[in-house]
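Attaching a single structure in structure tokens format; questions to follow.
For clarity, chains are labelled A, B, C, D and E in written order, and residue numbers in each chain start from 1.
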Amino acid sequence: TTDSGGNTAGGLSIDVPDVPMLEELGEMESEVNIVAWSGFVEPAWTDEFTAETGCTVNRRVAGTSDEMVQLMRTGDYDVVSASGDASLRLIAGGDVQPINLDLVPNFGDDIVEGMKGQIYDTINGKSYGVPIGRGANILQYNSDVVTEAPTSWDVAWEADSPYAGKIIAYDAPIYIADAAVYLMAHEPDLGITNPYALDQTQLDAAIDLLKQQNDIVSEYWADPAAQITSFAGGTSVLGTSWEILRKLTDDDKFKSVLPEEGSTGWSDAWMISALSESPNCAYAWVDYTSEAEVNGAIATNFGMAPANGAFCETSDEAAAHCDYFNATDEEYFSNVWFWTTPIEQCIDGRTDVTCTNFQQWTDAWLAVKG
Amino acid sequence: MEGRLSQIRPSLSSPHPTERNTMNRRAQLSALLALPMLWLIGIYIFSLVMLLVTAFWVTDPFTSKVKPGFTLRNFEQIIANPAYASTSIRTLGIALAVTVLSILISVPLGIFMAKVASPKLRAILAVAITLPLWAGYLVKILAMRITFTEEGFFNSMLGPLGISGPGFSIVTVILTLTYLWLPYMAVPVYTAIRQLPPNLFDASADLGAGAGFTIRTVVLPLIRPAIIAGSIFTFSLSLGDYIAAKFVGGSTQMIGSIIASNINLNPPIAAAFSLVPIAFVVIYLVSVQRTGALERM
Amino acid sequence: MHASAQQASSESDSLTAPGAVSLTGVSKQFGDFTAVEALNLDVKPGEFLSMLGPSGSGKTTVLRMIAGFENVTSGSIHLSGVDVTEVPPHARQVNTVFQDYALFPHLTIAENVGYGLRVAGVDRTKRRAQVGLALDQVQLSAVADRLPHQLSGGQRQRIALARALILRPQVLLLDEPLGALDKQLREEMQIELKQIQRDVGITFIFVTHDQEEALTLSDRVAVFNKGRIEQVGTAREVYEFPATEFVAQFLGLSNLVPAELSSDGVQSSVRPERVRLRAASSAASAGAISLLGTVSETVYTGPTTRFLVDTEGGVRIIAERANDHHPSAESAFARGDRVRVEWTKDHASRIG
Amino acid sequence: MHASAQQASSESDSLTAPGAVSLTGVSKQFGDFTAVEALNLDVKPGEFLSMLGPSGSGKTTVLRMIAGFENVTSGSIHLSGVDVTEVPPHARQVNTVFQDYALFPHLTIAENVGYGLRVAGVDRTKRRAQVGLALDQVQLSAVADRLPHQLSGGQRQRIALARALILRPQVLLLDEPLGALDKQLREEMQIELKQIQRDVGITFIFVTHDQEEALTLSDRVAVFNKGRIEQVGTAREVYEFPATEFVAQFLGLSNLVPAELSSDGVQSSVRPERVRLRAASSAASAGAISLLGTVSETVYTGPTTRFLVDTEGGVRIIAERANDHHPSAESAFARGDRVRVEWTKDHASRIG
Amino acid sequence: MLRLSLGAKFTLGTIVAISLAFMYIPLFLVVINSFSAARISSWPITSFSTIWWEKAFVSEPIRAALLNSVIVGLGATTIALVLGTLVAFALQRYTFFGKQSVNLLVVLPIALPGIVTGVALNNTYNRVLEPIGIEVGYFGMIIAHGTFCIVMVFNNVLARLRRINPSIEEASRDLGATPMQTFRLVTFPQFRSAFVAGAILAFALSFDEVVVTIFTAPPGVDTLPLWIMNQMARPNEASLVNVVATVVILASFIPVWVSQRLARGADERE
């Protein structure tokens, strides 16, 4: 099925290490170590969690998905807020355990449709992650300069873009998928049906496009702060963004659009380490944060669409938040390809070719910046 | 004085010291070095070696888990992808440019402080060049961002004069790294210039040399060890940096960026590629060690 | 008896000749401190002039003002009749041998010696030839390729000399060039220095605080004290006829004779070797000042024996007798002996 | 005539008395280089012994071995009859005054002087009293609270002395303590040093390369050359009767008379002041060696005038005459004069 | 003295002025931005406010990060002081085979890219030590920082040891002090100022270190630079960073002043 961005190729089966699933909860341990994105673990809700469960929360903020994977592999952490480009690696590496959803009562019908059973956290029918929230990689522009509202990514990709030299792009190998999304619409001959399932030819084409873009790029961003200052400081006038980043500029001249080609996006899910020494606290945390209020608090704090749709009904502000971030707008997200780790097995269902894996993407990405 | 020092300094390498003497000194020396060597070799070098052997290991392409083994594939990959070579050369160029720029700033600064400034101004300047050391690495990089962004401080001040800044580019990376590591060059250079015997300046003038000639033929050769000592910091710290490139480099990619982006995902290739900066640094250190500058850092 | 007065007239025309140095009313202040005060000095071309004085008396400061390393606070300096008061050091035809030699530690001996030529833009081959000659002159061609720290003190001293002389300056300034050498080497170098000065005929201005060195080497000696010149004159003038008590004391042992003891009723000084020591029983010599006393101490110094005599007048007189060809010259008198000390007016110098 | 031979027997019984230092067959190697070679030396209690020699002759090395800073390569060292060859410096009852004084720059003068007492565990009040006395002795109570860098060279020297003496060592070692001082200060300090040595009665071993200093201060002088002692004896012994050519040359000007000229057919040395200078016309004195020659140079040195005489035998003889009470002593002969030089056998010393 | 023409002095003065502007304009921007109302640093500043100062002063994470930075800095400095001084003594007082290599070894941790050091140590902690039951935890970070700080103490102490008059120690032994007493009463006071200067630099280096810290910090522990990093990732309160930086800059006058005083005191005595 390719209706919602083609990500729900549920039939995919991959060899993954057999990690036992927790059958029932026991005594709470004393602490839980969490690797998370900035803003996911804050005293505003951890204090209450600790009060309720007795589990002290130790947070470690990670900057990139790679760092998250690395940190999880140290075995020091119980829980991680993995994005789609990390989750598959963690699952396949045997670093996380399947989640017994029975032990997460807050994971219920309220979880928005688009975040259930995704390939990047559900494998071979087993669930490995409990969703937290999601967002799209949109096109943001400075309306003072970009006076004609763009509807296509072409202003960001084409060499003759009127904004050449003022374009900001995302700085990670996964950004290759953005090129693939663009090619999917503009170079149908390449036959790309899923931006995370690229064979070598398709990858090469994407890299060529990225190299072309490199010449017109003012900078690449990895840190949100850098992205905001790039727009605010006038270095960039157009490029990849998140809704929250646009919001944080506090300036109406910055506008955004989800272009007609669609876009990539990210969705994060809690995962529990296979080596967790505090599985009970870990389950408690995952459950606690899936509850509408807490999940909403995280989503609000970070600036994304919450996984728990029930949050949107809790207050007017919540409703406004959900509206702003299109939380329950599956139509909106149907055009969004959530980050997934590329693997050799083509997840678009092709079996006649080998797809390029994430390592190849990483190596290819280096060539973009030369 | 030199002679006297060398007289007093006991020498273990001399062929006929008395037995008792040698034993004693050996024991003292071992006592001094045991702990530091245990630390540096037992922890640091051991860790480095453990990391570097992984350069010959393989990574599972799917899970990105490292498996022991022996392969040269990582090196082949580095050679095959020209991005590695071009990034290495670019980074080397940046590190050298930072070093040269630091020298170009530090020498006049040192001469001004040591030979022109009044004692009071000298004290103020001495504080002024060390203070930025404390402002925080990230803070300084972000400050450079505000300075050099398109509508930032630099362009808003100098724009009216028709001067426009370098934006976020390799030039800004060089300026930022210079800004970060300058004190490590300026302080030793200044100290060295201060310690030059004033008589040498007199002697040079006495023999007819003007200030420029004296600086070129007397000052620079004599402060060379200090310059080299400073350059170890400016060169190696620049060589390994990637955060500056990330924040003010625009699309500039450095060795550190590549290692950082691989270190989690594909440690063997990161390890293999770290041999490049390690080689640069070690070659540099060994070649300057001959000049005795290491001891004078 | 003031040598400076004598010379002033006879030299006025030679002062424009190359090599002449003339300081007129030169003063130097360091902050509140006056290091050199209203100093006048005329050095004749080709002269070997020593500046002698205790530490801190301003010798180096004067030398540095002549070389141009220090600005004068007031007064003027002329070289060969030309006012150079405002000329920077590198433009003065004067070279300096520094007390600590100030050799460039990073340059070889040959490069050190050739430095001045290099500055002057002399080309490499010419330079090499001249450096070779200069090194020959100081007999150190063998060490041309060494670095200064590989030389002994005496060798370094000679290199400093060669480096300064190669530019054929009109005036060579030497700031205690022998101060750091040991006695033997020092004596050898004194002879060598004198020899070189005769050979090249350059004006030497030589700073020292060793009176014997000043007396034996120089044509004239300028005795410094507290930033002033107390006396200028030939070795004999300053030694035999010190103008002041300070000069008398500084140039070796000296007896200060109070006014009431001298024949003409003014204070005077007498050198110990000029004092005649006789048995107390002998009669006082006519025309001499003659005192009776007791030997309180005898000191054997090698070439001489020194006798300390406490005279009846309460003044202690030092007498020195050469241990000369007379048999038992040194054992003529012993501690406790009653003696007569005498000297003639000719050997006493009035001091102001 | 070998002073060292004379003394060896006369002293053997005093060697067990406290204060005696005795070196037996002491050698010191630095790598391949022998700095001190099989050296024997006995210093009597209460004696003032000078070690005199050129730079690099091993004086400091010997001193450092006595203090214990250097191990001996072979041989043994006794202090007051006790073998201390293996005793570390802090346990030897010997103190040192270093050439550069080695005052502790971070401690006040009083703390410097009291340092030895402090490490010995003497309590504060007692210490303060003793330090007060020691500072009085060197007349520097006024500077007790200053730091060393605030003192002049002469003051520092006295503090170094006070610091070493406060421990009442059996032996005080002084390594060119006056080397850094200017001439005047040096002479003052010499007198002071001699005075103190007399007062405290401690054995002084004093290193210098200034022969006059060694001759005037010491009871005995040991002349060093290339790691060996060439001669030990009283000032008169080493000056008048040098055992070797080296000693003759090192202790001042000396004429080396070749064997064929001397009466007994062996090489000898004669001091310039022992040479008698007479008109060429005068008859040769009986029993004296007498040569005719021409004055080639005269040098006025202040107390003396030096005459260089080229004799007919081709030997250059230096004669020195005191500028003494005789009228015109210094102008008796001039350059070019024909003269007769003479000396007696008594004033010539055979040298090996 | 070096004699410079007026023109040369002017040129030098200009270079100095430009260099100082280059150093201080960014710092000035940081300080002024701490009073900006905006969430994130910018230029020009549109509205001023002290809101970030108010927030910073009550922020628990800032306080915790600061405390961690200080603890790690002090721990690393202590390690560096001990090891750096020992090596400095060994290299200054003895000649031995491999001396050059020891020297190189001390310099290496600072000279190699921080990311290599960080990952290498992280690798050792997790792959070697943990399996054999050694949990370095918080100390891992201190060990890592200590390792690259050694060179700072080493440099300063060695430079000073070279300038100590060797006869001063002999004088002490001569006056009856045992080697231990000599060290305590004479040697140590002589290099104390270099020791402190080295300590200050080591602390500064540790206090500022980012890359190695990323890889060696234990779960839940932020140092100040890590906290700043996190602010970059969640820029709704990024301006807090400016407040913290301003406070650190102001506070750094203390160590800079102390080391100036020490340097001057040592100069005077020489």
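Going forward, a contact is a pair of C-beta atoms (placed from the backbone, for glycine too) under 8 Å apart; a residue touches a chain by one contact, two chains touch by 3 or more.
Source: prediction; values computed, not measured.
Peer 1: Which chain has its C-alpha centre farthest away from the C-alpha centre of chain D?
Peer 2: Relative to chain D, the chain with the farthest C-alpha centre is A.
Peer 1: Name the two chains that are joined by the greatest number of C-beta pairs in contact.
Peer 2: Contact tally peaks for the chain pair B-E.
Peer 1: So which chain is the furthest away from chain C, centre to centre on CA atoms?
Peer 2: It is A whose centre lies farthest from that of chain C.
Peer 1: Roughly how many whole angstrom separate the Cα centroids of chain A and chain B?
Peer 2: Taking the mean C-alpha position of each chain, the two centres sit 38 Å apart.
Peer 1: Just the number, please: Cα centre separation of chain C and chain E in whole Å.
Peer 2: Taking the average C-alpha coordinate of chain C and of chain E, the gap between them is 56 Å.
Peer 1: Between chain B and chain E, what is the gap in Å from one C-alpha centre to the other?
Peer 2: Chain B and chain E have C-alpha centres separated by 15 Å.
Peer 1: With chain centres taken as the means of their Cα atoms, state the distance from chain A to chain E in Å.
Peer 2: Each chain reduced to its C-alpha mean, chain A and chain E end up 38 Å apart.
Peer 1: Which positions in chain E touch two or more other chains at once?
Peer 2: Counting only residues that touch two or more other chains, chain E contributes 1, 3, 41-43, 167, 229, 232.
Peer 1: Give me the residues of chain C that touch two or more other chains.
Peer 2: 69, 88-90 - these are the residues of chain C that touch more than one other chain.
Peer 1: What residues in chain A touch two or more of the other chains?
Peer 2: 67, 73, 223, 225-226, 229, 233
Peer 1: Show me the residue ranges of chain B that touch chain E in the complex, using the header's touch definition.
Peer 2: So the residues of chain B touching chain E come out as 5, 8-13, 25, 28-29, 32-33, 35-37, 39-41, 43-48, 50-51, 54, 105, 108-109, 111-113, 115-116, 123, 125-140, 142-147, 149, 151-153, 156, 175, 179, 182, 198, 201-202, 205, 210-212, 214-215, 219, 232-233, 236-237, 239-243, 255-256, 259-260, 263, 267, 270, 274, 277-278, 281, 285-286, 289, 294-297.
Peer 1: Taking the complex as given, what residues does chain B use to touch chain A?
Peer 2: 59-65, 77, 81-84, 86-87, 142, 145-146, 149-152, 167-168, 246-247, 249-253, 257-258, 261-266, 269
Peer 1: Looking at the complex, which residues from chain E come into contact with chain D?
Peer 2: 165, 167-168, 170-179, 181, 185-186, 189-190, 268-270
Peer 1: Quick check on the complex: what are the chain E residues that touch chain A?
Peer 2: 38-43, 60, 122, 126, 130, 214, 217-222, 226, 229-236, 238
Peer 1: Which residues, counting only chain D, touch chain E once they are in their complex?
Peer 2: Within the complex, chain D contacts chain E at residues 67-69, 88-91, 94-96, 98-100, 102-106, 115-116, 118-120, 147, 149, 163-164, 167.
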